[in-house]
Every structure is written in structure tokens, then in C-alpha cells.
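Chain IDs A, B, C and D follow the sequence of writing; residue 1 opens each chain.
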Amino acid sequence: MNAPMSKTAVPALQLEGLRKSFGRTEIIRGVDLSIQRGELHAVIGPNGAGKSTLFNLITGRFAPTSGTVRLHGTDLAGMAPFQINRMGLSRSFQITNIFPKMTVFENVRCSLLWSQGYRYSFWNLVSRSRELNEGADEILEQINLTARRDLPAGVLSYAEQRALEIGITIAGGADVIMLDEPTAGMSHSETDYIVELIRKVTENKTLVMVEHDMGVVFGLADRISVLVYGEIIATGRPEDVRANPKVQEAYLGAALEAEH
Amino acid sequence: MDLVVINLIDGLVTGLLLFMLSSGLTLIFSMMGVLNFAHASFYMLGAYFAYQISLYVGFWPGLLIAPLIVGVLGALVERYGLRRVHQYGHVPELIFTFGLALLIEEVVQFIWGKNIVPFDEPELLNFALFSIGGNAIPAYKVFMIFISIGIFLALLYVLTRTRVGMVIQAALSYPRTVEALGHNVPLVFMGVFGVGTALAGVAGVIAGPVLGTFPGMAFLLGSIVFVTIVIGGLGSLWGALVASLLIGWLTTFAATSTFEFASLLTAIGLERPEDLSESYIRDLWTLSLPQIGPILPYILMVLILVFRPFGLFGKRDV
Amino acid sequence: MTDTTHKSAVSTPASRLTLGQVAPWLFAIAFLVLLPFVFKSNAALTIMNQMMITIVFALAYNMLLGQGGMLSFGHAVYLGFGGFMCMHIMNAVEDNGLPLPLPLLPIFGGLFGLGLATIIGSFSTRRAGTVFAMISLGIGELIAACTVIIVVLFGGEEGISGDRTYGLPVFGYEFLQQIEVYYVLGFWTVLSALLMYLFSRTPVGRMANAVRDNPERAEFLGYSARWVRFYSFCASGFFAGVAGAMVAINYEILTEQSMSATQSGVILLVAFLGGVGFFFGPIIGAIVFTLLQSVLSLYTEIWQLYLGALFLATVMFFPGGLAGVLMMHVPVARLGKFGLLVMPYIKTLLPALVSVIGVSALMEIIFHYRHAPPGDEEMTLFWVTFDSHNLLAMLIAFVVAAAGFWVAKRNSGELRNAWHAANTPDGGRA
Amino acid sequence: MLKITRFGVAAALALSVSATAALAQDIKAAFIDPLSGPFAATGSNGLHQFQFAADRLVNEKGGLLGGRKLVVDGFDNKTSPQESLIQLQVAIDQGYRYIIQGNSSGVANALTEAIEKHNKRNPDSRVLFLNYSAVDPALTNDKCNFWHFRFDANADIKMDVLTDVIAGNKDIHKVYIIGQDYSFGKAVSAAANAMLKAKRPDIEIVGDELHPIGKVKDFTPYARKITAAGADAVITGNWGADMLGLGKALVANGYTGPVYTYYAAGSGITAAFGEAGKGVIRLVSEGQTNPPVSDVASAYYDAYKAKYADGNVDQTRITNTIAMLAAAIEKAGTADDVVAVGKALEGMELDSIWGTKLFMRPQDHQLIQNMHILQHTNEGVTYDYDNSGFGVVVESTVEMAGMDSPTTCKMDRP
């Protein structure tokens, strides 16, 4: 749709020759990928294809064995996660990763702090900043958790925690959002709810998501990359990828036939 | 020269003793992620139990029975204490073992009193085996070396050559998988905890007569043991061995050295003031290496942490 | 100002202080002001001073343990360092006649504590959890050992002493009397507690909680877990230094004991007993511990054994500490169903108490049997005098303990049910 | 155990509501020493000896000032200077006017300063400090004050006695000095160096070192060094586990010379040394228990053992303290005006039941008495320690040791 932009624009995210080995096993075997600003991009692949590893390489959780990751043209090599985050990349986790003992509101407010310029301030009181509190409430409104505002995050239902996870991820106002299987382990209705939520909160942002659920990916993504055994075997618009025989063979075949 | 040889022997004794504690501690840590603060308390219990047993049947049965009792106690602590606290996380576990260490010290005082108890080497080994330059090497020390090495080799054999050892090693890295394979991982944990504390118990039995059996012995050695495994790298058995020997020799050589810091100060061009009480570095002028020998491990630890935050053999993700 | 919105009171961005926020502080101040009118003696004042010092130190410690998730086995070092430096300042002021009023001393104590914490924290806060704990233990031991070696700074085992009545009288007060010192310390206690409370409400204070719960997530929010820990550590060092200055003012002497590993262990005990999960937990801990220490050591020689057992029981069964136990009852009180719990509590806790008394009686008898001088077989326990070598006494104690335990165990099911009922909002009643 | 009366903080809180009755019938002395923690055994044993002495020397003979009893109550200071100051305050509030303390010079220093300040600031509730065991020379030199009286010989006097003996032993040519790294250990080292140089310039000091206090796990390396240096005698101020560790390591290494020391008897140490220490351990101390000096002394010891079978009369100075306090109170005719009692104590002369003259030197409040070198042995022991069969026997005696030892004390008298 709006994916192919002018060739000269710096891609939001660019991977070049990315490789990662654990011991003797090479998990990521040379990935090249370029994601344009504003694109909604999905990475799919069968279990064990290295999706999460790729994800962790991009966000600085693991250091690559070789190759580069560029965010808006800047090489991320050697940067810690918090530095990458400050450059405008925010991620969620496959296993829910929130602050369980803090209230839902606190969770969101904490994720606003850095972007609102509070840094390591110990001379501001968080409760005294209207901008901060209203900002947090707005995000709660967006992710439909206003009613749960003052509960400890740990007691929320699974879907609510996933929603909160997305809320925390987008709160900092990063322009590149990375979601790791946001709908994993959800029922159909819950999935629809989360997809709607993702569509809503990622407007005008670059989105990279790893996903297992086909329905989610085809409905949402502008472009799709298929990762098999640490290599990208196809990248393109959903319908092209769907038609790609290699993909069919490697991954979709059985599933698609079963669906139709 | 004679003194160097003697120091090597003495340092080896200290180092191996430290290793008997630090190996058990490391085994427990790498398996369960729990740093057992009370580890040295089990060492103390070993010494006291052996003392009590020696009152009735002599030293040798105690060498066998005391560690067994300590091991069983350790396993019980794991089963009914640690496992319960486990749900709250690692820091509460550490606090639990800290509290346990306090309690054990109090219980020991309750039962055996606050004074040193007269726990002595067995008559059989109470002679000088040989002497180097007028310094006697007691037979007991040689016995300590052999016991430590023997236990180390046995441990190595069990861990690498037996089926139980393979299960333990696998459970270290993949507890879930091992559990799925039908092994009772909690039981393995309990066993490892028991064996680890029993090792500490053995160390207590053989060290008690030499280093003195008194309620403060746990803390005295304990803090050094923790420093040892931090220097070696948490969770690394080789690191524990290297660090133990390093500290053993370091403290031994430091204690017998005659180095004075005054010579260092003179070397950098300072002049010893007539009236020392006026000088702000007067303590340095009178300081000698033996004086700070026992705190050298702490200094070593700080240095290691500054330059190698994960210890000598530590892996990044502990 | 935005009170007209429909959100609950808490949710308004509070640009105005509410009574609920201020009341506890006003109450604390009034309490501290009035206390000396009840307990007049110098000894009582000294103990209350000790209590206040412990409160400040425990709160500072909890900035690490409770709020930052960092377990330190060597925090007394910062208290001691701040205190020693204050003694030096006190002596320097006396020698040179500098115009420094005594009540300002804690600022300097804090700054020195902060300074040391900055140096140590720069490498110790790189790691969290177990490794941090071990490093703190090692550093604590190292610095504590230095106290007897570096005599210039720490005065060897005699410590450094001074005279607080040196300098300029402040508004006519020369701090000759304990009561004057009491009010100085009271002021600093309230001020420090308030500042520490406010710190927990600042961005870095909130992030300390976040890093405690989930350091990885915090990193992906733009915060370096390590620096967040570092700032908490420094702040904690500052207030530990303030507590050290309070020691200097109250005792006019600082010794290596204040920096020792024992002291570091005690403060962990205090904070944990009180409850690290709540801001006021360590305050309760400090008060209870100081009283317990004096009352128990008054009646029994093996009070440390009891203390150790109590601590272990707290870790195992009430990880929230005393504050946690108290706060468990807040939802019940909100539902107005506290009445439901009264009877089950009596039926369970009373026998449990009897059982504890039985066990401790048994311990005392055994202890007396083993350690009292031969011939001295008579002992008095709970106002009863008897022969400790008589098996009957032990038997009675044992039976009391066992019976109490049995009854408590039998009734605990009832308590559990009642607890559940008390925590369930009423649906059925219209 | 609850025979030991304990007073503490809680009592203070309770009592503080009502004003304390100042006109108590009993004369109350507060014993502020460790009664719990690692040094509790030493503390409790000391308290027993004090209470026994007060009963036997005063109360059974009809009390003081026409029937007033002398009671000694224990206050647990947990060996902490700060806790001691709290207990001091508690004791003063409860009307105690005599403070007794001995274990740890650190605590003694804190107490003497606190008492000086207190007496200056509160003239109505002044107290005297009876130090029965803290030997830091400073207490009767630079830090002396009118309120402090020491009933034990200070470290310098003891060293004087030790070096006299060493100087007299022509077999000793090389001496090794080792001690714990703190004020007492340093004082021992300094005094030993100075005195040996003055008395026997030909003796070579082959080693002089300090080790961290309570931190040494294994004394073997130190013992190696001492043997390697060829020392004929060792001087040490070590006590507790450090003393035992050093002594045992020396013996295990084949060292056979004498170890001259201060504190190596009683509190389990004698039992722990046992056979190994025989012929090696020599200590300097006041008070002769073996062989017994008189029937009175034997009767006293027997009565004590009858009451406390596990105890030792290992601090005869305690008896002296009580005897002198009682005499001073009688002489002053008051127990409440401590200035008068203090002035009566100054310069007092008295005969001890342990067969020595006692003289409280007025310049610095240092008690002068006979000092002995005692040998750890199991031969000729009438009264053993720790029921171990081993005890200490007098080997030599220096009469009125340190009578003309110098002092830098400049005392302000009230």
C-alpha cells in the first residue's frame, strides 16, 4: 500500500548480513532487511526459525556475531537496550513483561518518564506533573484499561496484561515499535481486540512484529518477511508472499490448505 | 627458601579447605541460583558434631558420621525452608539463609556454650611427619591435604562418570527438560543441597581441631568463602578452585612476608617524619603486609570486580 | 482543582496536598514533640534517641532493599563513615572555634555518606541480586577491617570522641541535656523520613521500583538499570550518613562497632522484621526491635536465639514483615468485616501464643539445666519458681507447647475460612 | 540464670514515669559488661565474682554505714561502646552511683569520657567509675580523670614485670613480639620494645608485628615465621580465640620456648590449651591462687567453688575492688557523695586477702600491687581452671610493681 517510499529516504530499520551463533549452532544466518518509515512489517516463520533471536538482536538484548543493525541510519552496534530505546525504538516481549507489583497506572507512567524528559530526576514529584499523569491516563484510555487503573498489574487477566504490555511499549512515543508475538496464547475474540488495538496505537509509526497467527499478519501488515532456519526466504506484500511457492512449501502449505 | 616450600604447603592446606566449602557452595549456587549464606554454618555444625561424637567414640567415627548428619540437616533445610521461600525470589532466599546462619550460631551457643571447645587432633596423627628448616609439618596437615584431594576426585568422578552425575549436570542447565524425562528434579536439588552441606561438614570436622571450634568460626571463614566464589566467578567450579588456592597462598605468603609500606613510601620520595603523630599518613608508615594479610582477599575482590565484573571464570549470565 | 471530575480522589493530578497525605506527618511530629512529657528520664530519652537513629538508618537501608531490590550486607559502613567524619568536624570546630551550629551537623554526615556511596556504588551497582549482596559483604568487611588499621581516621578500637557542647549555642541551647539533643534528632528524623518518602515519589524513585521488579523491562523504557540503582544507592548512602551524624550527636563517640558487619546485619533484621514492602515498615521495625532488644534481654540470656527464630519465621511465613501483616487487614477493614476475624483470631492465636510460651519455657529450662552453676537448680519462669533439674518441669513445658500447637492447628482452618469470608465483598446482602 | 538480677531499658522506661527514689537503702553498683554475645562467658563470670565478693566481704558482715547492703547488678552492654552509654544512662537514672566495667579498653574509654561529661553537666547525679580490668595505659595517663579508678595493673606495668623476668633469663637472646592490631596490641608492642632495650640491650627483637584482630583463620604462617626467626621467647597481648590459635599453632610447629602473655587463663582457654600449653604459656597477672596464700583465701575460693562449680576465681582484683570500695565508703561516711568516696579512695592502702598490699596511687588512680608471673601447668595446682586439671601456678613475683612508674596524668579535682 504505502510501503514503497522514495529510494533515497533512510529506512527506519535496516539489517545487513546479520548473523548470530550460539556456540557452534548458527541461529541467524545472514539476514538482510530494510523497513521503511511508517511501514507495518511482519516477520513470520515456523517454530525455531529464529524469529525471537532476530528480534533480540535488533533490540540490543543479544549482540550479533556479525552484521549490522541500523536505526534511522545509525549503527546500533555495542549499544545497550536503554540507549537504543532512547533513539526511538521500543519493544514488547513474548512472555508478558510488565511491573507486576506496581499499579497499571504506575506501569504506564513509568514508561512515560524518559520521553517526557525527567531522566534521573530526584527533584520532581511524579504526582505533581499534570502532563505526566494526564498522558498516562490518555494511554490507559487508548488501551481500554482505565477501569483497572489502580490495580496491581500482576492481578490483571492475560489479555489485559498483553494490552498493558503494548501500552507500555508505545507510551514512550517511540516511532519504531517492535512487538513480539502480541497475540500469543489468546482466544479469537481476544486476538481481534488486540489487533484492533495495535492498528489504533501504531498509526503513523513504524511497526515490526513477529507473529505466529496468520490472520493477524495478513490483516495488519503492509509487508511480510518469512524467516526459515535463520534466513529470510521471501519478503513482500502479503498476497505476494502468500503466492510464493517457496513459502508455501516451507511453511504455509499445510496450514493454507487446511483453511480453504 | 625453606620458608617458601613450607608456605606452599600451608597455603595448599588453607586453599583446599576453602575449596571444600566453595565447591559445595558453587554446586548449590549453579544448580538453584541460591547463594547459601549459611554454608559456613554447616561447616561449623560439622566441627561441633564431630566434637560431640569424639567425646564418646573418638575422632574417626566422627569424620564419617558428622558430615552425614550435617548433610541430612542440609537436605531438610532445603526441603522445608528454602523450597518454601523460593516462590518469593532469590533475594528473600538469600535473606532466609542469612537468618538461618544467625539462628545456627545461636543454637550452637545454646548447646555448646560460647567458649572454645577442646576439640583436638586424633592422637594417631598428633606428631610431626617431617620438618623443613626447623619447621615441623604435622601429620594432620598432610592428612587434611589428602582428604581434600580425595573428596575432590570423588566428586569429579561422580559428576562426570556416573549416571547420577549426568542427571545433575543436565539438571543444572535444563531443569525442565530433565524433569520431563521423568527425573525428580526437586529430589535432585535436595540431594545436591545435602551433599554440598555435607562437604562443608567434612571441612568442619577436619578444620575444627586446627582452626579452633567456637561459635564465631562460621562467620570468620564464611565471609572469605563468599569472597572466594565472587573472585572465581559465581557458579564456576574451576573458578572456585583457582580462587581458593590463590587466596590460600596469598594470605599465607602475606602473613610470613616482612614487607613494610614504609619502604614503598620512601621509594616514592617521601621522608619519614620525626614525629609520626603529626603525619596524616602515619598509619601507612607503620603498616606492614602481614598486618593486612587477612583482608587481602577483600582487596583482591574489589580489584577483580573493577576490572572483571564477572570474576575470573564467571560467565556473563548468572 | 480538578476535583469536579468523576475520577476517584487519588486519580486527580494532585496539585494540592490532601489531608490524608499530611495527617500522618503532622501526627508523627506531634507524637515526637509530646513523647518526652511522658517519658522524662534521661535513659528513656537516650533510648528514644537510639530509636530515632535506627529509624533513619532503617529507612535509608530500605531505599536499597525495599525500593531498589538491592540486598546489602555492609550498609553500616556509610553510617559509620558519616558519623566518624562528623566527629572530626565536631573536634575541628571545637579546636578552631568555627561558627557551625550543632544541628547542622547531619548535613555534613549525609554528604560524607553520599561521597563514599558514590565511590563504592560506581562499581558495586553494576550488578544486582546475589552478586551485589556479596560485593556489599566484601566491601563492608574490607572497610570495617580498615577502621582498626587506619587510626588517623577511625581512632582504632577506641574510636573518635568529641564534645557536642563545643560551638555556638543555638538560641541559647548548649545541648548539655539529653532533652535538647532529643529535639534536634527528632527534627532530623522527621525531615529525613519526609525527604526519603518524597524521593520515592520522584521519577528516579519510581524507576527504582521498576528496576527492582523487572530490570530488563526498565531498560527498554530508556532507563539504565545500573544508573537507577546507582542513584538509589547514593541517596541511601546520604541518609545513612545522616543517621551516622545523629549517632555522633547523641553518643559523642563513634567506634568501629558502628561500621561492623554486625551492625549491617542488624539493620537488615530491623528492616525485614518491620516489612520492606511498605515505606513505614522499617519505622515499625526500628521501634519494635529496639523495644524487643531491651525487653527480651532483660528477661532472658538467650534473647538472640529468639530473635533469630523470629526473623527466620518472618522470612518464611510473613515475607511482608509486620507492616505486611498490618496492611493485610486494610481490605478487611474497608469491607467493615473485621468483626468476623476476632473470634477465630482469639481461638487460633491464643493457643499459638501458649505454644510459643511453652517452647520458650522448655528452652529456658534446658538452658538453665546446662549452663547454671551446679547446685543452683532453682529457677523462676513466668513467676513460678521450681527446680530446673526436675523432669516434671520440662514435661509440663513440653505438654503446654504441644497442646497449644495442637489447638492452634485445629482452629487454623476456621481462621482461614473466616479470613476468606472477611475478604470477600458481600454480594448476597441487598 | 535469673538469679542474676538484670536491669535494662524496659525497666528504665517504666520507672522513668515516676521519679526514681533517691533514698534507696542499698548501695547500688552497676556492672556494665557483656552478658550476652561472644564475650558473655567472661562477663557473667566477672559478675558472679563481684556479687560473691559483695556478699562475702560486705553483706555477710553486716553491710556498710550501719547496715546498708552493697549490691552489684548486671547491665548487658553487649561489648558495644554505644550500648554501654545507654546502660550507663539507665543505671544513673535508677540511682546507681558506682559503675563497674572491665572488658574492652574501647568501652572503658567511652565510659570514662561519658562519665566525665556527665559529672560535669549533672552535678546532682555524679558517679564513680571502677575499672577492674581495662588496661589501656592512657586511662591513667592522658585520659585520666578524677572519677576513674583502675584496680588492675595497666599494660605498661605488666610489661615491666614481664621484661624483668625476660631480662633475668640469660637463655633468652631473641624475642618475637606479636599482637592484635588495635590499641592494646600496639601498646604491648611499644612497651616491650622500649623496656627490653633498656633492660637487656643485647636481646635481639627478631620480629615485631600486628595481625588483624579476630580475622586470622590460621596462625600457622605466623608460627612458621616465629620459628624461622629463631625466637627464644614470644611476647603477645592476644586474647580469646587469637591467643588460643597462636599458642596452638606455635606448639604444633615445634616451638618449645616460653610465650609471655596477659590473658591465657580461664574462660575455657585453660581447658583448650590443656597439655599443649604446659611449659609454654607464661602469663603476667595479679593475685596468687596457686599455691594458696592463706586459709582465708582458700576458704574464699572454696566457698566460691561451692556456689559456682563451673566458675573460676580468675580475677582476684574483683575481690580487691569490692574491699577497697567498702573501705572507702566507710572512711567517707557516705555512699551518696561520690566525691567524698573518691577522695577516700585516693591514696588508700589496704591488705588484700590474696596476700598483697594494695595502694591506690593518688596521682593517676592506678592501683599498685604485687604482680606475678604464672605458669600454665597441671602440677601443684590446688585450684584449677575450667575444671580441667590445669591451672596457673606462681613462678615469680614482683612486689608493688610499678610503684614509681611515670604518669602523664594531670587531674582536675572537684
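Quick note on the criterion: a residue touches a chain if its C-beta (ideal position, glycine included) is under 8 Å from a C-beta of that chain, and two chains touch if they have at least 3 such contacts.
Just so it is clear, the structure is predicted and the values come from calculations on it, not from any experiment.
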Chain separated most widely from subunit B, comparing mean CA positions: A
Contact-richer chain pair (by C-beta pairs counted) among C-D and B-C: C-D
Chain closest to the middle, measuring from C-alpha centroids that were averaged per chain: C
Geometric centre distance via CA averages, subunit D-subunit C, whole Å: 36
Centre-of-Cα separation between subunit C and subunit B, whole angstrom: 31
CA centroid of subunit A to CA centroid of subunit D, Å: 75
Approximate Å spacing (C-alpha centroids) for the pair subunit A, subunit B: 48
Per-residue overlap in subunit C, given as positions that touch at least 2 other chains: 145, 149, 304, 367, 371
Residues of subunit B engaged with two or more neighbouring chains: 113, 291-292, 294-295
Listing of all chain pairs that touch each other, if any do: A-C, B-C, B-D, C-D
Touching residues (chain side subunit C, partner subunit B) in the complex: 65, 69, 71, 73, 123-124, 126-127, 129-131, 133-135, 137-139, 141-142, 145-146, 149-152, 261, 265, 268-269, 272, 302, 304-305, 307-309, 311-312, 315-316, 319, 363, 367, 370-371
Of subunit B, residues touching subunit C in the complex: 29, 33, 35, 81, 84-85, 88, 90-92, 94-96, 98-100, 102-103, 105-107, 109-111, 113, 219, 223, 226-227, 229-230, 234, 280-283, 287, 291-292, 294-295, 298-299, 301-302, 305-306, 309, 318
Touching residues (chain side subunit D, partner subunit C) in the complex: 1-3, 6-13, 15-17, 20, 35-37, 40, 48, 76, 80-82, 85-86, 89-90, 92-94, 104-106, 109-110, 113-114, 117, 121, 136, 181-184, 186, 212-213, 215, 306-311
Subunit D - residues contacting subunit B, complex: 37-41, 181, 209-212, 214-218, 220-222, 224-225, 227-228, 230, 241, 244-245, 248, 252-254, 267-269, 271-272, 274, 388
Residues on subunit C engaged by subunit D in the complex (per definition of touch): 38-44, 46-47, 50, 145, 148-149, 156-159, 161, 163, 165, 176-178, 247, 251-253, 255-258, 290-291, 293-295, 297-301, 303-304, 364, 367-368, 371-376, 378-381
